[in-house]
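Each chain carries a letter (A, B, C, D and E) given by its place in the written order, and its residues are counted from 1.
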Amino acid sequence: MKDSHWRPRVAGALPSLIGRMVSRQQKPPGTGPGTLVHTGDRKAESVLIRLIEYGPDFIDEGQFEDIKACLDIARARTMSWVNVDGLHEVGVVEAVGEYFGVHRLVLEDILSTSQRSKAEDYGDHLFVIVKMLSFDLATDSILSEQVSLVVGESFVFSFQERRGDVFEPVRERLRQGKGRIRSRGSDYLAYALIDTVVDSYFHILEVVGDRIEELEEQVLETPTLELLERIHHLRREMLILRRAVWPLRETLGQLYREEMPLITTETGIFLRDVHDHAVQVIETVESLREVISGAMDLYMSGVSNRMNEVMRVLTIIATIFIPLSFFAGVYGMNFQYMPELSVRWAYPALLVFMGVTAGGMLWAFRRKRWL
Amino acid sequence: MKDSHWRPRVAGALPSLIGRMVSRQQKPPGTGPGTLVHTGDRKAESVLIRLIEYGPDFIDEGQFEDIKACLDIARARTMSWVNVDGLHEVGVVEAVGEYFGVHRLVLEDILSTSQRSKAEDYGDHLFVIVKMLSFDLATDSILSEQVSLVVGESFVFSFQERRGDVFEPVRERLRQGKGRIRSRGSDYLAYALIDTVVDSYFHILEVVGDRIEELEEQVLETPTLELLERIHHLRREMLILRRAVWPLRETLGQLYREEMPLITTETGIFLRDVHDHAVQVIETVESLREVISGAMDLYMSGVSNRMNEVMRVLTIIATIFIPLSFFAGVYGMNFQYMPELSVRWAYPALLVFMGVTAGGMLWAFRRKRWL
Amino acid sequence: MKDSHWRPRVAGALPSLIGRMVSRQQKPPGTGPGTLVHTGDRKAESVLIRLIEYGPDFIDEGQFEDIKACLDIARARTMSWVNVDGLHEVGVVEAVGEYFGVHRLVLEDILSTSQRSKAEDYGDHLFVIVKMLSFDLATDSILSEQVSLVVGESFVFSFQERRGDVFEPVRERLRQGKGRIRSRGSDYLAYALIDTVVDSYFHILEVVGDRIEELEEQVLETPTLELLERIHHLRREMLILRRAVWPLRETLGQLYREEMPLITTETGIFLRDVHDHAVQVIETVESLREVISGAMDLYMSGVSNRMNEVMRVLTIIATIFIPLSFFAGVYGMNFQYMPELSVRWAYPALLVFMGVTAGGMLWAFRRKRWL
Amino acid sequence: MKDSHWRPRVAGALPSLIGRMVSRQQKPPGTGPGTLVHTGDRKAESVLIRLIEYGPDFIDEGQFEDIKACLDIARARTMSWVNVDGLHEVGVVEAVGEYFGVHRLVLEDILSTSQRSKAEDYGDHLFVIVKMLSFDLATDSILSEQVSLVVGESFVFSFQERRGDVFEPVRERLRQGKGRIRSRGSDYLAYALIDTVVDSYFHILEVVGDRIEELEEQVLETPTLELLERIHHLRREMLILRRAVWPLRETLGQLYREEMPLITTETGIFLRDVHDHAVQVIETVESLREVISGAMDLYMSGVSNRMNEVMRVLTIIATIFIPLSFFAGVYGMNFQYMPELSVRWAYPALLVFMGVTAGGMLWAFRRKRWL
Amino acid sequence: MKDSHWRPRVAGALPSLIGRMVSRQQKPPGTGPGTLVHTGDRKAESVLIRLIEYGPDFIDEGQFEDIKACLDIARARTMSWVNVDGLHEVGVVEAVGEYFGVHRLVLEDILSTSQRSKAEDYGDHLFVIVKMLSFDLATDSILSEQVSLVVGESFVFSFQERRGDVFEPVRERLRQGKGRIRSRGSDYLAYALIDTVVDSYFHILEVVGDRIEELEEQVLETPTLELLERIHHLRREMLILRRAVWPLRETLGQLYREEMPLITTETGIFLRDVHDHAVQVIETVESLREVISGAMDLYMSGVSNRMNEVMRVLTIIATIFIPLSFFAGVYGMNFQYMPELSVRWAYPALLVFMGVTAGGMLWAFRRKRWL
């Protein structure tokens, strides 16, 4: 913490705040709505397609480079979860869209990665966007990745921007066949994925919370500009977090409140549970924001406290020695007729007088609690 | 108050703010929803089960270590209140759940102790979470404990994290058979328990209010950093209080407004009364928050006031003696031709002049109200 | 205003802010809801019961010590208004409650004097709580008294905490038989009482408004800590005012919007009028709060302005004399070879140089508008 | 602007802020609701009644001192607009009320001039209150005047507090018979009057906006207390403006949304247009409030900037000369054995050393950008 | 950035903030509602009318000076988009209005260019106002232009204040016949235009975001008043942006939620998509506002940090040399009996003592972290 290597603003190390809020790569002019263009950073080297097929008593996993091959297999069996890592190959998304008759705007939303979290019901399929977040400890920054789910009767497609996700526990549960997950429908799988994403927010809240408390303790001791910058930086990161979480409440509310044909009542109860978690995350985010602005207040107090201390020292020194110097100056004058100068005990008397004056001032300062 | 032993941040003395908002012990990866894992600190040494059976004209109390034995007895009679202290033995909750056909998510919520206050109607049973708060005077901290109620036709289960609660008055009323409590149903008992919890909030508000007024008075006299830290600390504790109380309004509103089969109209009137109390608590919390931020403003004013005083003293001393020293300095110069030096009355004249100058300045300062 | 006798915090002079928001005397443990215990300060020495009986063409007044006697008479005639001053004799409230079949929770609310303003319809009677406020000029504090109205077909019971109220004009109107008041029902009497209470708020707003403008003017001249404390104190008193007024809007809205059997359409129009007044009061309270926080900003500005002035004086004096002292110091040195010392016009030349330097600096300060 | 004659607080020049929000002249005690008492300042010397009668192809204007005469004529013809300037003669309002069967509370509202803007439908007549504002450039203050409209099938009564209004353009349009105004009903006339009032707000916004930008520019150059006071004053005037405008939105919304028998669909479209203007005014008021609080921030920044400058000058002078004075002081000591004193080049060497020291410091200050 | 030529307030360079919010050119008095007067700056030299006629398999473009000629052609074919640049020729708008039977208030709204964004359904035509924004990099200012759309069954009229717009991509798509745009109705064209306008907001957000981050970095290094002024200026520009965007959400919500006869379900889905974008813009604007006010906090921190540094330097220098000067002063006194003066090693001893004192102070400062 104390190493001065912390630099959240190293050129290129981080996209800017607004850059993380709205995507910079606008669609080229002349392209209409529904035109499929990937408008985000290319975060994966190659597209990886993973298929998990399962039923109450079996599970099959496979990796594909080619979406067609995957779709052919997926269609054949009962429940399929196709996970696509990497969005820069537009063809993959397009193929999926054509195969299942997904609306063009859905495909466009999957590809433009600065969407708000939302849920849209298209009758035979459901489209859900959530934000998968992670906290980069090196730069104290929140990294956001868009996860789009297309949920049909017997399939779930999940699209991610890069490899690596928080879904491993879900895969593990599918593999082990524990609990209900293998015997339920696609809505339950979608729920499980969303639940995992929301659960991962709690971890970020904890890390940020710890970081703030750490900074807060330092800020009272030594309120440096660097600390302020770090607190300020965290405050801005909370804006990212907040933007990801707020719409989620509405999204999940829609999923469990509105009667959607693809979502069973039973799964609805589970979605209400995730909704409660999202509300808890939102409240904690708001609390954290208050804590952070409290930390900035502490910084200001710490600074003005130090200023006070500096001023006090200056005042004490100056107030004691300036009058004493004056007395010394008086007896340094060259007037011919200064009777005191020739008095034998005048010099020690003056020294005593000076000592008493200084002592009296120190006593006055102590009474005023300046010492 | 003046002893410097106050340390709200002693290592290990208190869980961090965020730690008290979201529970740190996440469920291990690979466990699905509905998997029963206790995700809170183990706050009780052993699980204690207390059963109170009662009807209009009898009451029976018993303590159990084994939940099965308790359930066998509970089933046999009319109204039973089973209170479980300690959540770390998951089996107890599970046994209760199986016995009464409680939804898995309810059981999960009972065990994860960072839930928001809520009420859920499952037809034949009702699930209510409230937060029992206490204020630790040693650390000025609010301790929160989750109380879960499962209310059925003829039973109330209450789960607490640790021993010791605010329910003793309810037990006493049951024992004495005073009022209506023994002749009414399980909804009235649930109401009585919630009422007791909400009433206990008022005590906390009072204690916090007193503490703030105490700090406020000190802050104007001697605005030390420690006082600021304490006010700041209280402000953060109010976040905990607020988080506990806000959702309660909604919870109680649901209980008395929505038509729930288990809640009679008569009890609804009582629940409206608790609802009114909860609203009163919320308003007082908000007022307290304003009072606290007013105290921080006072701190800043106190600090800048002191700074002012320090500056004034410095300015008065410096402004009086710096010019005087200059005059002394002039007559300390060694020029050969300084006619004043040989004038007999020059020295006393200069002293008089200096005295007049100093007096004039003091008079000017007084006019400017700096003295 | 300038006398330093103003002490809003003299021990015992005032209950604390929070003490005025939540009542300190909690019901003793073991008492259930509906148990009648007076939970407020005993503000009246003895209970005083005043009965006014009236019809379109007659009016009768009487005072009673015993509620039974009063009730016997009240029942016999057409319209009765029973006003009870002092709540500490629980028996009075209980007797009224039994006589008219009032709900136990209503009786409990009458006795616990930290209720929010509210209106509850119990079919054959209506229960209304409003807050009667007064402003104590000696301590700049708002005193709040709970007024509970129980309105039946042919009676209005009003309960107050202490003697003295704002209802005298209503009594006068009843006595004089002017206007419609005597020929209308109990709902109109209740309206008249509430109207009087709300009207009295305007007076408080005016007094507080005047007080703030007075403080504001002083604050710019001499921003003392005492002024700040007074402004701060008024800001807190506004919290009390606000708490009393906000729920009133809802209360009155309920009374005229919801169809209550006891309230005629005609009276509804009058209640809408009071509702408008309440809204006006709320808006003025919010404006006052802004004005007060503006006054605190002015205080801070006044302080920093004074600091500025102090600093300017210090800087001017120091900046002029420190260099001059240096020059004097140079020619006070005892080097053997300092040719200037023996030049005849050196001393006056130096004095002139010093004068010019000082003048130049003064001119520079004037240009910078420091003088 | 620079003249110091600006005094918004000259005694008697302006009613106080709160005085302009709630009317000071309370009705005397003992007067019931519906009692007609004028509760505002008497702003007109005598009551002036102007009648404009018109139809599609004629127009007639007349002035009356006596309301009876006016009413007799008004009744006779088709469309009448009666404008009353001055409210202190209660008889006028009463006569109108009796003639048309207007509700007593409406008459009371007309006379008490601190009402909020509102619209009330009484079946055969409609009652509308709007606030006519003007900006007094001499005192930077907003003057508010209550305009009450009573709209019937074939008449519009408008009551104003004083002579002079913004309705001249409407009269001109009536006289010239341009557009639809003469061929439409009373609702359209009422719309035209309200529209004119709302349009006049835009002018005030502009003037206030200009004033603020003017102050803002000055504040950065010379942040004087007077400027702050003026900004602060404008901020408070905005409270008046805001209070007048906010309820207007609701009022106009009611007029065009609720189905009122007196308002035709066609006029409803026009009222929606005024409603849009009112919303625009509200948004601009809110923006102005933000701009004003931005100006106060600028003031604080300007002040702290000046403080900085002052401190820098002090520091530079003190930091350069204090050490130099010390060196001069050293060689002013009278020790017998100070070998340097007799060295021939010691004095010039010291001077050079002093010059180099001062130069070095200046260079250091320049590097720190203090110069 | 570093050049001091930046002047957002150059006289005449920019209309004032409020001037951009409410239009200054009020309609002359005596003109009724529905009177067509252009109330904005004349921003185009001459009016330019461009007609694009298209169907699934053809497209025709033409430019007209005369609206009649244009309208004659437009009527003849299937889908027409008439774009009018420049509003100062009222006749053009009037002619269009008469030709298609557009409501007078719509025409008035087209001409008064300070309208809020809105959508109004008039049965056979739809009226939509949106704000086209651009960011002027030279003055850091947002320029706003009102775009009005009148959408009928087979035509779209778009009115702009000046030449140059963001609609070129739409024209290109029409020319190339790519996608659905040519085969869909007028509602889809209107959607395409609105979509283009909303998309252009993202660009502004990015530019403003970059600008703020740039300023923020500078502010920590050298917090000059100019930087503050620029941040302050951006904060005010955000008010303009916000005013343009907020009503848009409502506008678009109306368009896709309310069942308007002219809007097909299919286009409704696209409008929901633009609505989502508008919400995203609003959220980003709010985030930007927070970032800007964070930047102002940073400025204040930067300033107080510098002040601190200045004070520290002053204190260190003064605290070291003032006592030393005192000692020098003491031995500069002219008392006859000062035994130290004749001690041989007194002078070097004093120098050593002074050095030690200075060293000790430096060490103390280092311990306090002032160095």
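We adopt the following convention: a residue touches a chain if its C-beta (ideal position, glycine included) is under 8 Å from a C-beta of that chain, and two chains touch if they have at least 3 such contacts.
Computed from a prediction, not measured in an experiment: that's the story for all the values here.
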item	value
Same or different residue numbers at the chain B/chain C copy interface, by half rule	different
Cα-centroid distance, chain C relative to chain E, in whole angstrom	43
Distance between chain centroids, defined by C-alpha means - chain C, chain D (Å)	26
Residue numbers of chain A (touch at least two other chains)	304, 307, 311, 314, 318, 322, 325, 329, 332-334, 338
Pairwise touch network: line, ring, star, complete, or other	ring
Interface residues, chain A side, partner chain B - complex	168-169, 172-173, 176, 178-181, 191-192, 195, 199, 202-203, 205-206, 208-210, 212-213, 217, 220, 269-270, 273, 276, 279-280, 283-284, 287-288, 290-291, 294, 297-298, 301-302, 304-305, 307-308, 311-312, 314-315, 318-319, 322-323, 325-326, 329-330, 332-338, 368-370
Residues of chain E that touch chain D when the two form their complex	9, 16-19, 21-22, 24, 26-27, 29-35, 103, 105, 109, 114-116, 118, 222, 225, 228-229, 232, 235-236, 239, 243, 296, 299-300, 303-304, 306-307, 309-311, 313-314, 317-318, 321-322, 324-325, 328-329, 331-334, 338, 340-342, 344, 346-347, 350-351
